[in-house]
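The same subunit A turns up in both complexes below, where it pairs with subunit B and then with subunit C.
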Partner chain A sequence: MVAVFPCHPQPWDMFMYNSRQALLFVLPALLLYVAFVAVPILQVAAYSLFSWDNGSIKAFSGLGNYQRLTSDGVFWTALGHNAIWAVLTLCFPLMIGLVLASILAERSPRTIRLMSALYFLPRTIPLVVAGIIWGWIYNPIFGLLNYVLDLIGLGSLGGAWLAESGSALLSLNAAGAWTFYGFCVLIYLSAIQSIDPSLYEAASLDGAGWGQRFRFITVPLLKSTTLFLGLYAAIEAMRFFDLVWVTTQGGPGYDTEVLTTHIYKTFFLVGDFGYAAALSVVLLAIVLTIGGLSYRILSQS
Partner chain B sequence: MATVSFEGTRKAFGAHEVLKGVSLDVADGEFVILVGPSGCGKSTLLRMLAGLEQATGGDIRIDGKSVIGIAPKERDIAMVFQTYALYPHMTVAENMGFSLRLAKAPKAEADQRISAAATLLNLDTLLDRYPKQLSGGQRQRVAMGRAIVRDPKVFLFDEPLSNLDAKLRVQMRAEIKALHQRLRTTSIYVTHDQVEAMTMADRIVVMNGGIIEQVGTPLDLYDSPANLFVAGFIGSPSMNFFDGKLERQDAIVMFRANGGFALPITVEAAGSAREGQAVVYGVRPEHIDFTGSDSSGDFAPVVSVVEPMGSETLILADHPGGKMTVSYRGRGVFNPGDRLPLTIDASRIHLFDRASGRNLRYSGQH
Partner chain C sequence: MTRTSRVFQHAVLLLFALYALVPVYLVVLASLRSEADLFSGPLTLPWPIDIGNFRRVWFESGFSQFFVNSLMISTGSTLLVMLTAPLAGFAFAKLKFPGKEILFGLFLAGLVVPAPSVIVALYGDLQMLGLLNTRIGVILPQAALLLPFSIFMMRTVMEDVPDDLLEAATIDGATLFETFTKVVVPIVKPGLLSLALIAFLFSWQEYLLPLVVIQDETLKPLTVGAATLQGRYGVDYGGIAAAGIIAFAPIVVLFLVLQRSFVRGLTAGAVK
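So, the complex of A and B:
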């Protein structure tokens, strides 16, 4: 398309012309987004303002469903579990990823290719399958973990990992870490490989050993990568569902209940559509807040 | 301050041998420049001295003590990198003081040393800035400051000026030389720029293909190149070469170029060369005079391009055997197509054996 202006175009005309043209290009994607993302979100937000009975709207309840949140103990327990999950993810997979990537970065290209593929493997396994694998590993009767503990003489430490309230959430988190650390290794590895190698050489000549190079060069220069992974992990920690649903479905009791399982149960098992919608809106608000925060922090750094 | 010596030092990457047994002694306080084309092994030699690459043969000694197998941090060496390698998350002061921090030097002493180096390099006002806030020349100074603060036995420079623009390079060249004159720390400097080597070095080491071609003072190399490679590498513009052989003409031995023309030689330049021997005749553009009439015979270069430099005029000319460059001191009026009235200063010419490339004046070959 060629623009023909009889005289010098005014900036406003130009802007409108460009905007119209731009709009045409994004229109197909925009239509799909509105139909499959924006409308359902608005629908859920609207549902949360009504009380429901057996799948049909009973009455307009305003913010009544949101008021119920304050007295819903399960909601607060689930939110707490999400927070614990986020903190543990920040502590372990990120740190393990960073250390492994730092060690791996100094190996030969062949080792790097092989090991990063191995580390990343768990990430490629669907979470449902990962849940089943770890369900077997944690099985109190024929599980691998108890078997290995027995083998090395620590059988007394064994137990029903996913069925005991003290260990269920932590055991699930270990499984979650297993699916996530390879991703951290890969992201950190590519970030480390983009650091000028002469910085490490200069540090070696300045008297730094491996640990000091890690502490004074690698860690500070990977700040923005850590920030990205941290915020990504935090958002994931709010959204995860599959692993819990396949293994414990939030049990025993509410010991591994998280927001998504609570919403699922409220919607599909209880049929309380209005309250499930209110819970969904709150979850969306939390995720959007973390997302907005991360966008801001990352664009600043 | 220290002496450095390489004894038959070798380095191979797999089957590819980069350094083929290099031996060199650097005296205490000397400023030695390793120069050569890309891939000649000069940077590898420097990195091996720093401990960043391991030698695959021979020995490397600092102050007479072998450093093979010793970690970089134990060698008491400071290096200025081509990319400066400043820590981007540290201020200038932190960059300069990093080695002292690692060595757990007392803060007062560290501050004093950083401040002294900063004063020496005019960095006093920049100590709180980050590298990204500095210009190329300032970064270069910080990199040197980081080296100076450590007060090492040896300074290594790996093409430190190649990222700077031409004007700044000339300025920094003088600053580095002045700094060395002041500190007198043994320094080894790598560059591919022969002008840098000529202007800064106490001694130049010309390398090519993993071996040392010649070691000498800048003027030694300029006046007495040991072979064709050094003759062509040192000097700007490069020496002119003509292929031909030695010929007797009326009881006088002359050089007869493959292009057909004859040029005068001296007994000293010919050394012990035989009549009929295939040789390369070398003469620098600045050792050709315009007053005479060598071209009255069959040597008649014709101007093809004129490059006025202000103080001199470079003339690219064609002759029957190829192309040559002539330097005219001043601003002559030359036009493409002009025939040049040249006289070659026969006392300044060099004759090289065609086969070995060796300078016949020094080879003692029969």
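So, the complex of A and C:
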């Protein structure tokens, strides 16, 4: 971009308006953002330093709420599940997205449009509804998954997917992937389409097959796109809530508990405002760290 | 390319199309069947089509009201975003003012802030403002949480507006605001449409905020309504399926009709 618009000095600078007017442009957004995002974040940080009783502050407790984190097994379990979720997302939807996009890129524009719309369709469905649908697919009595396994003679593999501790998180992740891989296809597609086609032509002339072009052109040139999607997936893995809440609410036991559901339960069901605030601060610290790293890495590449 | 590898590639494309479509098909199927033969018999659509499930949830389970609430909440948040984000995006792209970098950084940080992390404070704040259990109480934080992405996207869009045009307008004596409304807005219309679609999509899908803010049955949006129906009458599968379809059909239609704008918005910022 920089090459196309040599920006310094900008001609627009000569007609600069006084800064008060420019600030007026930012002000409406800033007010809304400060009131409903920035201030609540500061409040949460402050709340975490107190012990609470029935929704009102009881006493200053310093880092007491944070000390509790170390002995809160559910917190560490939940954090582990968030991490597993991130890794699973990197393994499945991202890779599938890359493969599908690079196959699709060589098809006609009509096919590209149709197929990418199909892949993206699940993302337009609210996660609440997605959770309900997948809950049925995994249902041990009438679910489609067990039915299909029965049909192909693998009925012994069937089970109560979301109700067994071994399979609950994995099964849930497959539902999450369902809503995410289409997004990966879209992002990868637009990145592939910006790769110089002559690279592919030259490789083809040299006798490189699809697999080789994929391995030696597509994958290396899309490194920064993969990085973007990976970091995006990591942040989403920390943030997601709806899918778990409508299907398992963190169960069975704590087998699908994640940080957001732990916060929700601590706040609304237990009513422990101080500890819920401390958990929120931890969540914010993690996503802001990943976000900050992303910004650094992506603006370098 | 060899024949077999081409066939194999087609198979992969189709397999994942099935992955996308089968769950959707299942819910459509469930919504059109009576409770008795819901999950038995062949997996083909019944004929003649029976829309009894839709009629029941729409008229008896309150989904006509939930639909109106979703529409009001999503429209409200989208409007708020459209009234604030393009202005700010323009300022960040084209104007110079003190504190610009810091302010932009402040918004940028918000890109990662999840609703669950602020709910602990937001709940009390809304209660204090008397906004708990109102649609406005969902609209305001919803729009605020959408702002970082929206401003980021708008800045990218506004950067492509040629400086010459702004300059010409200034020479013609237009004020900054006039320049924005008469010169900038017409140029970035496609970007604005993309933003509106995405803001609407995200607000329509939001679950946690309305779940927390709204208790009143008559104010709930579709997402909360569908989850409630699933929790309370967990066995009315036909009804729940119909409710689910009412909850996603408008967005699916919107997406299919305006696919280009959606895709432009979703990939904005990601690929640059």
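Following the convention adopted for this analysis, the second predicted complex is superposed on the first by the 280 of 301 C-alpha atoms of A that agree within 3 Å, B and C clash if a C-alpha of one lies under 4 Å from a C-alpha of the other, contacts with A are read in each partner's own complex, and residues count from 1 in each chain.
By definition in this document, a contact is a pair of C-beta atoms (placed from the backbone, for glycine too) under 8 Å apart; a residue touches a chain by one contact, two chains touch by 3 or more.
This is a predicted model, so every value here is computed, not measured.
For the overlay on subunit A, clash or fit between subunit B and subunit C?
Once both complexes are aligned on subunit A, subunit B and subunit C fit side by side.
For A:201 in the superposed arrangement: first (subunit B), second (subunit C), both or neither?
In the superposition, A:201 touches subunit B alone.
Thinking of the overlay built on chain A, is A:209 touched by subunit B (first), by subunit C (second), by both, or by neither?
A:209 contacts both subunit B and subunit C.
Looking only at subunit A, is it subunit B or subunit C that touches more of its residues?
C
Report for A:138: first if it touches subunit B alone, second if subunit C alone, otherwise both or neither.
In the superposition, A:138 contacts neither subunit B nor subunit C.
Please indicate which partner A:220 is in contact with in the superposed arrangement: first for subunit B, second for subunit C, both, or neither.
In the superposition, A:220 contacts subunit B only.
Contacts for A:276 in the overlay, against subunit B (first) and subunit C (second): which applies, first, second, both or neither?
Touch status of A:276: second partner only.
Minimum CA distance, subunit B versus subunit C, superposed model, integer angstrom?
Across the overlay, subunit B reaches subunit C at a minimum of 8 Å between C-alpha atoms.
Please report the subunit A residues shared by its interface with subunit B and its interface with subunit C.
Subunit A residues touching both partners: 209.
Mind listing the subunit A positions that touch subunit C in their complex?
Within the complex, subunit A touches subunit C at residues 1, 10-17, 19, 21-23, 25-26, 28-30, 32-33, 35-41, 43-44, 47, 55, 96, 99-100, 103-104, 113, 115-122, 124-130, 132-137, 142, 144, 178, 181-183, 186-187, 190-191, 194, 209-210, 225, 228-229, 232, 235, 238-239, 241-242, 245-246, 259-260, 263-264, 267-268, 273, 276-277, 280-281, 283-284, 287-288, 290-292, 295.
So in the complex, the part of subunit B that touches subunit A is made up of which residues?
Residues 50-52, 71-73, 75, 77-79, 81-83, 85, 87-89, 98-99, 102-103, 146, 150 of subunit B touch subunit A in their complex.
For subunit A, which residues count as touching subunit B in their complex?
196, 198-199, 201-209, 212, 216-217, 220-221, 223
Spell out the residues on subunit C that touch subunit A in their complex, using ranges where they run on.
My answer: residues 1-2, 5, 9, 12-13, 16-17, 19-24, 26-27, 30, 38-39, 80, 83-85, 87-88, 90-92, 94-98, 100, 103, 106-125, 140-141, 143-145, 147-148, 151, 159, 163-164, 166-167, 170-171, 176, 180, 201, 204-205, 207-208, 212, 222-224, 226-227, 230, 237, 240, 244, 247-248, 251-252, 255-256, 259, 263, 266-267, 270-272.
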